[in-house]
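What follows is a structure written as C-alpha cells; I'll ask about it next.
By written order: A, B, C and D. Residues from 1 in each chain.
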Amino acid sequence: MAGKLCVPAMNVNDSVTKQKFDNLYCCRESILDGLKRTTDVMFGGKQVVVCGYGEVGKGCCAALKALGAIVYITEIDPICALQACMDGFRVVKLNEVIRQVDVVITCTGNKNVVTREHLDRMKNSCIVCNMGHSNTEIDVTSLRTPELTWERVRSQVDHVIWPDGKRVVLLAEGRLLNLSCSTVPTFVLSITATTQALALIELYNAPEGRYKQDVYLLPKKMDEYVASLHLPSFDAHLTELTDDQAKYLGLNKNGPFKPNYYR
Amino acid sequence: MAGKLCVPAMNVNDSVTKQKFDNLYCCRESILDGLKRTTDVMFGGKQVVVCGYGEVGKGCCAALKALGAIVYITEIDPICALQACMDGFRVVKLNEVIRQVDVVITCTGNKNVVTREHLDRMKNSCIVCNMGHSNTEIDVTSLRTPELTWERVRSQVDHVIWPDGKRVVLLAEGRLLNLSCSTVPTFVLSITATTQALALIELYNAPEGRYKQDVYLLPKKMDEYVASLHLPSFDAHLTELTDDQAKYLGLNKNGPFKPNYYR
Amino acid sequence: MAGKLCVPAMNVNDSVTKQKFDNLYCCRESILDGLKRTTDVMFGGKQVVVCGYGEVGKGCCAALKALGAIVYITEIDPICALQACMDGFRVVKLNEVIRQVDVVITCTGNKNVVTREHLDRMKNSCIVCNMGHSNTEIDVTSLRTPELTWERVRSQVDHVIWPDGKRVVLLAEGRLLNLSCSTVPTFVLSITATTQALALIELYNAPEGRYKQDVYLLPKKMDEYVASLHLPSFDAHLTELTDDQAKYLGLNKNGPFKPNYYR
Amino acid sequence: MAGKLCVPAMNVNDSVTKQKFDNLYCCRESILDGLKRTTDVMFGGKQVVVCGYGEVGKGCCAALKALGAIVYITEIDPICALQACMDGFRVVKLNEVIRQVDVVITCTGNKNVVTREHLDRMKNSCIVCNMGHSNTEIDVTSLRTPELTWERVRSQVDHVIWPDGKRVVLLAEGRLLNLSCSTVPTFVLSITATTQALALIELYNAPEGRYKQDVYLLPKKMDEYVASLHLPSFDAHLTELTDDQAKYLGLNKNGPFKPNYYR
C-alpha cells in the first residue's frame, strides 16, 4: 500500500560515518575539484558566497578559506549561523553580497535559493553551482527565457548571456557539482558501501521481532565498526580502555562509546 | 528519596549552543591562553599529544595546529579517531610518542589517562595539563612519592623533579587548565547563562503536565533562540524562509530548523 | 663625529632568522597572548582590522584568522596588498571599516596611522593596540584632550571615554603590545642572541680589512648556522647534498644554500 | 660570442610578483588540482612527504595540510628547515618516512632527490610526482629496467610494477605536474605576462646608458606597478601616504615602498 513500509528499513544516511564522509570531508575536496575541472578558476582572493552552513557547507567553506578565498555565508538556522561566525565567516543575506561575489555555491537542501533576481544582479563572469540536494536550489528554469542566450563552452559548463553581454557561468545546469564534475574517492565509497552492507547483514541476521515495519538508525556500535575497519588505511592505532576505566565510564570495552545522537 | 527527582529538570549541558561554545569554541582559545599564561611556551614546532578527540580535543587541536604545533591524538572511539585522521592528525597510542612530545593535554572525561609510567618516560621540561572533566585524568597522586621533589615555580605551575634531575611541568596540579589558568570570555558566559535562564523560564511557564519528574533536553527551538539572541554581536543577518520554501522543507518559518539530535 | 661610524657594524636585524622569528613567528603568537592577557576578548567572530601586511602583520593575521576572526587589511604597498588578497583578506581603507570593527591593530612602521578622527568613529568597546615599531602609530596624544576621560581599568589597559559614554579600549598607551603585554619565548630570545653573538665573533675574528667603517649584513652562512643550531630542539633532521648534487647546483655542501637576498 | 650578452637583459623571474604568483600561490592550488585530475586521491589523512621547502614547497604544504594531509619535509637548508618546523611540519630524511608515505612530491631544483633505492622501498600504490624544475628530481631513468613493468593507466599516469606486484603511481613521467596535469589560471598568466611586457617596455624606453650588456632585476617600482594593476580584480583599496608620513618614512608617495631585496 502507498506510504506504508512492508519490511523493516535502516536509515544508513544518518549514520555518523556516512554523514561526515559523504558530506563534510568529501565535499571539502570535491568543491575544489569540481570548480577547477570545469573553470580553472584561481581560488586565492576570490569572493565566494556559500548558501547553507550544514555539513556540506562547512566542508566547502573550510576548503575555500584555506586556499585564500573570502567566504560569506547565508543561513536560516541561527545555530548554524552562529557556528559560521565562530569559524570566521560573515553571515549575510544573499542580496547584500550578490553584486560583488565571484562564485555562488548552494548547499541548502532547499529550493529557489538562488532566484532569477539574484542571477540578474550577479557581476560578469560570476560562477554559479550547486553542492546541495538537487537541481532546484538554483532556479535554472528561470534562465530559459528568450532574452538570455545559452552557450555551452565545454562539458558541464554553460555561459548564460544577458542582453548587455554579461555572462554567468552555470555549472552542471544546476545539478550536483560533486557528482557531475568531480569524482568520489574510493575511500568514501568504501565507507558508504560498508555501512549499507552492514545494515543489510544486521537486518538479515536479526532475531525475529527486533525490527518491525519501521525505519531504524544504524546501531551506534555498527557505525563504530565501519570506522574501525577504515582506520588501518591511516595506520591509526586505537587506545583500549582498561577494565577500571570502562567501569568508571560505565562503558563496554568494545563500545558503543557514545550515545546514539552523538555527532 | 535518594536517586529520585522531585521536580522536572532540564539538561542544559547537552544543548548545542552550550556544547559548542563551552567546549569546542571556548577551548580552542583557552588552551592557548592557559599554556601561555603559565609557561610562556612557543607553540611553533612543538610536538603535542592530545588525549581525546571529542569537542574539547577538537578545539585544542585546531588551535595548536594553526599555530604550528605538530599534534598527535589518542582515542578509544573509532569514529572520533577517523575524524582525527581526516583532520590531519596521527592517531597513536600514548606510549608511542610519550618520549618525544613537548606537551601532553588530556581531554577525555576518563581517569588515569596519563599514568606514572607515562610521566616517568616523558622528556625533560615536558608540560602536562588537563582540559577534560576533573583532576583524575592525570594520575597526579602517583607523583606524591618521596623520590620526587615538587617545586612551585609560580602560581598554578609545579616542577616535579625526578632523581636524575628531569623536570615535568605540571599545570594546575592536574585540575582544569581552562578554569584555573585562563579566563572564560563573557560571550561564552552569556550563552551559558541565557540557556540556563531560558530553561528555568520554560519550566516555570510550562502548562501543568508538560514536564514530569524527569530530565529533559532543552527544546530545539529554545536552543535556536539562544543562538539568535547572540547573532547581533556579530552583525550576522539571518535569511528568512519564504512560505513556499517552508512548505517545501516541511518547516515552520520560525523554526525549529533541525531535528533535536542535530549537532 | 656625528653621523659617522668609527667601527664596522653588523646589521643583525635584517638577517633572515632574526626577521622571521622576531617578527612573523613570534608575533603570530604574541598578538593572541597580548590581547588575551589584557582584555580576555574571544577571537571567534570578531572583526579585526590590521594596518600593515609586512612580516608582523602577516603573523598577526594568520593567527587571528585561524581562531575565527574576520580580518581586514590596510596597505600602502601594492605587492603586500596583493599578498593579503591571495591569503584571503579584504584590503580596505581604514575609513571603510572603522565603524564596524571590534579590534584595530597597527603594524606599519609608520606614524599617525590611527588618527583622532578614526578613534572618534570607532564603536563602543573597540580595542586599539600597536604591534609595530613605536608608540607613534596610534595618535595617542590626540586623546589627551579635556572632553575625553581616561580610566585605567587594569595594568596596561585604559578606557578612553567619550562624552556620550563610548569607550575605546587602549592597550599599553599605544606602545608595543608584544613587549608590554606579552612575553617573548626563550626560543626567540635564543635565536636573536645567537645572531648577535655570532656577529660580534665575526667582527672580532675577521682578518684586518674584511670590514671597514660601514654597516654589513650578516653573511648568509652565519644566518644558516644560527638556524642549524636551533634545529635539534625540534628533532629536525637535515638532508645532506651528495657531491654530485652539490656540483649540479653549484653549491658548497656546507652552504650557503641561498643568495644573500633570499627571504 | 658564446656566454656573452649582446644586449641588456631583465631577470623577470626573480621579481616578487612573478616569484610569489607562479610559485607560492599558483602551486598551492595546482598541487591539489594535478593530483586530483590524475589520481582522484582523497587528501584527508594521507601521509605526504614534500622534498624542498622553498616557495613551491611552502605552497604545496600549506594546501595539503589544510585539506587534512599529514606532511613531512626534507630540506638541505637549515633556514628553510626551521621555517618548516615553525609551520608545523616534521623535518626528516627521506629514508625515515619513505616506507610509510602515500605521496612523494619533489620541489627542490635538484636532481636525483628520489632515487631507485627510495622507489624500491615505497609501499604499494604510493604516488610519486614532481613540482620542481625538471624531470631530473625523480630518477625516472632508473625505473627503465627489465624487471619492472610499466603500465599506462591513463594519460600522464603510469603504474610501475615490481616483480612482487607492488605498484608505484608515477605522474607525468616525472615531468612538472603543474604544467602537465593541471592548468595555469589566467590570473597568474596575466601577472607573468605583464611583468615581461613592462620589462621590455623599460628596456626599449630607457635612455641610452641606463642598461649595459648585463642582467638586471626588474626595478622595484615596476614590480609594484604590476601588483597595483591586478588589485582591482579583488576590489582591493590601497591606502595613500600623507605627505607627512612619506617624509617620516623617507619614501616617495608613489613608491617604491620597499628595498629591492624585499620578498
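Heads up, the rule we're going with is that contacts are C-beta pairs under 8 Å (C-beta built on N, C-alpha and C of every residue); 3 or more make two chains touch, one makes a residue touch a chain.
For clarity, every value in this text was computed on a predicted model and none was experimentally measured.
Trainee: Considering A-D alongside B-D, which chain pair is linked by more C-beta pairs in contact?
Mentor: If we tally the C-beta pairs in contact for B-D and A-D, the bigger total goes to A-D.
Trainee: Where in C-D, A-D or A-B does the B-C interface recur, with over half of the contact pairs identical by residue number?
Mentor: Selected pair, repeating B-C: A-D.
Trainee: Report, in whole Å, the distance between the mean C-alpha point of chain C and the mean C-alpha point of chain D.
Mentor: So the centre of chain C lies 26 Å away from the centre of chain D.
Trainee: Express in whole angstrom the distance between the two chain centres, defined as the mean CA positions of chain B and chain D.
Mentor: 39
Trainee: Compute the distance, rounded to whole Å, between the mean C-alpha positions of chain A and chain D.
Mentor: Spacing between the chain centres: roughly 32 Å.
Trainee: Could you list which residues of chain C touch at least two other chains?
Mentor: 25, 44-45, 67-68, 85-86, 90, 234-235
Trainee: Tell me, which parts of chain D touch chain B in their complex?
Mentor: It is residues 44-45, 65, 67-70, 85-90 of chain D that touch chain B.
Trainee: For the complex, which residues does chain C have touching chain B?
Mentor: Within the complex, chain C contacts chain B at residues 25-26, 28-29, 32-33, 36-37, 40-45, 47, 62-63, 66-68, 100, 182-183, 185-188, 233-235.
Trainee: Where on chain D is chain C touching in the complex?
Mentor: Residues 16-17, 20-21, 25, 74-86, 90-94, 96, 109-112, 223-225, 227-228, 230-231, 234-242, 244-245, 248-249, 255, 257-258, 260-263.
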